[in-house]
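Here it is, the structure in full.
Each chain gets a letter, A, B, C and D, in the order it is written, and its residues are counted from 1.
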């Protein structure tokens, strides 16, 4: 399930739904990315998505991860719009028969989201705004999977 | 926070509490292990802990993981007693400034719990009961971190 | 035809969405028309890592725009 | 002194917790007394991967039990 959320979402409620009724896939790995205050240096994030394109691209990666890591289920929830410090930006959850595959899939999908998913992220701080592009570390991270 | 739970727990509620008010540690990785029905082959699990010893040993590992992976916070909830298929057995959540460390810490703690934490696990199925010991894969998994 | 600009391209141009009528026949013609109005934006569209999507499908290099309803310019992406 | 058996050891012995009075002076003496009553259990306590904890601290090899309140025998562990 891929969802773009224009409003804040609650990772706990997402995880509860994702785990409910799961009697055969014993392993659920998940990740939540939260907007940091950076000690007051970041006052807000603005995340642009391209609705109608972003979901399809993310869905393609979720399908690839499902194949590669033998997943039973994937959940990706991603905020767009204005995001305040402390609000969740992204959640990925992967269910699999074995924990290693669930962890790897989750790690892989986060690397993808950080450096290749159709989002554009502007950090607004006391000194103005700047567009964030993938860091050197993000690019190293995603290269691990190629 | 280390908690032995004699009754079912709800991973969603645990994650919601763990993420709440987190404005500086942007990365929360978590894992939930759920009792499998194994297509009817497993009717229940019985997990023994050694209360007063198990928490301390797990706490020691959580401290080691906190140091090794620069964690801001760790949560481990582990059931004991009789566990029905579909019920969560274990949840680990790790909060860190960076996602790679959060994932690794979570992976490491799960490997530890599977093969070195003071629990004893009996699977009850239609053909009787058997005590589960770490599998060859569990031992390979934990050896990665030594 | 609709043109969309994402991320820093929208800030640079001062717009995020605009109709282009009559529609250009190719991606190259669209870029030329944009550059004629706004040289800085025109240069940015050819900058490193900027991709184009025609009707929500990424295109590499040149592309015809016959019948296309929407072209989007996408600078380097970063979510999460 | 209290003796606790975990996992398959408890099933094997038919008990999980028992007082041992008078308390044995060493871990070796405790094992000898257990083996004298139940040879199968005695052998299992020396089996592969079985550890002992005295007053909730793991001990390696021999240990004195002077003043100890609780000895636990722990077969290979597996949680999660």
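Note that in this section a contact is a pair of C-beta atoms (placed from the backbone, for glycine too) under 8 Å apart; a residue touches a chain by one contact, two chains touch by 3 or more.
Here the structure is a predicted model, which is why all the values come from computation and not from measurement.
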Farthest chain (mean CA position) relative to chain B: C
Whole-Å separation of chain centres (CA-atom averages), chain B against chain D: 26
Intercentroid distance (Cα basis), chain B paired with chain A, Å: 23
Centre-to-centre distance between chain D and chain A (centres being mean Cα positions), rounded to whole Å: 49
Residues within chain D bordering two or more other chains: none
Shared-contact residues (touching 2 or more other chains) in chain A: 33, 110
Inter-chain touch pairs (all): A-B, A-C, B-D
Chain D residues touching chain B - in the complex, by the definition given at the top: 4, 6-8, 10-11, 49, 53, 56, 72, 74-80
Contacting residues of chain A [partner chain B, same complex]: 10-17, 19, 21-39, 85-86, 88, 99-100, 102-103, 106-107, 110, 141
List of chain A residues in touch with chain C within their complex: 33, 47-48, 50, 52-53, 56, 78, 89-90, 110, 113-122, 131-134, 138
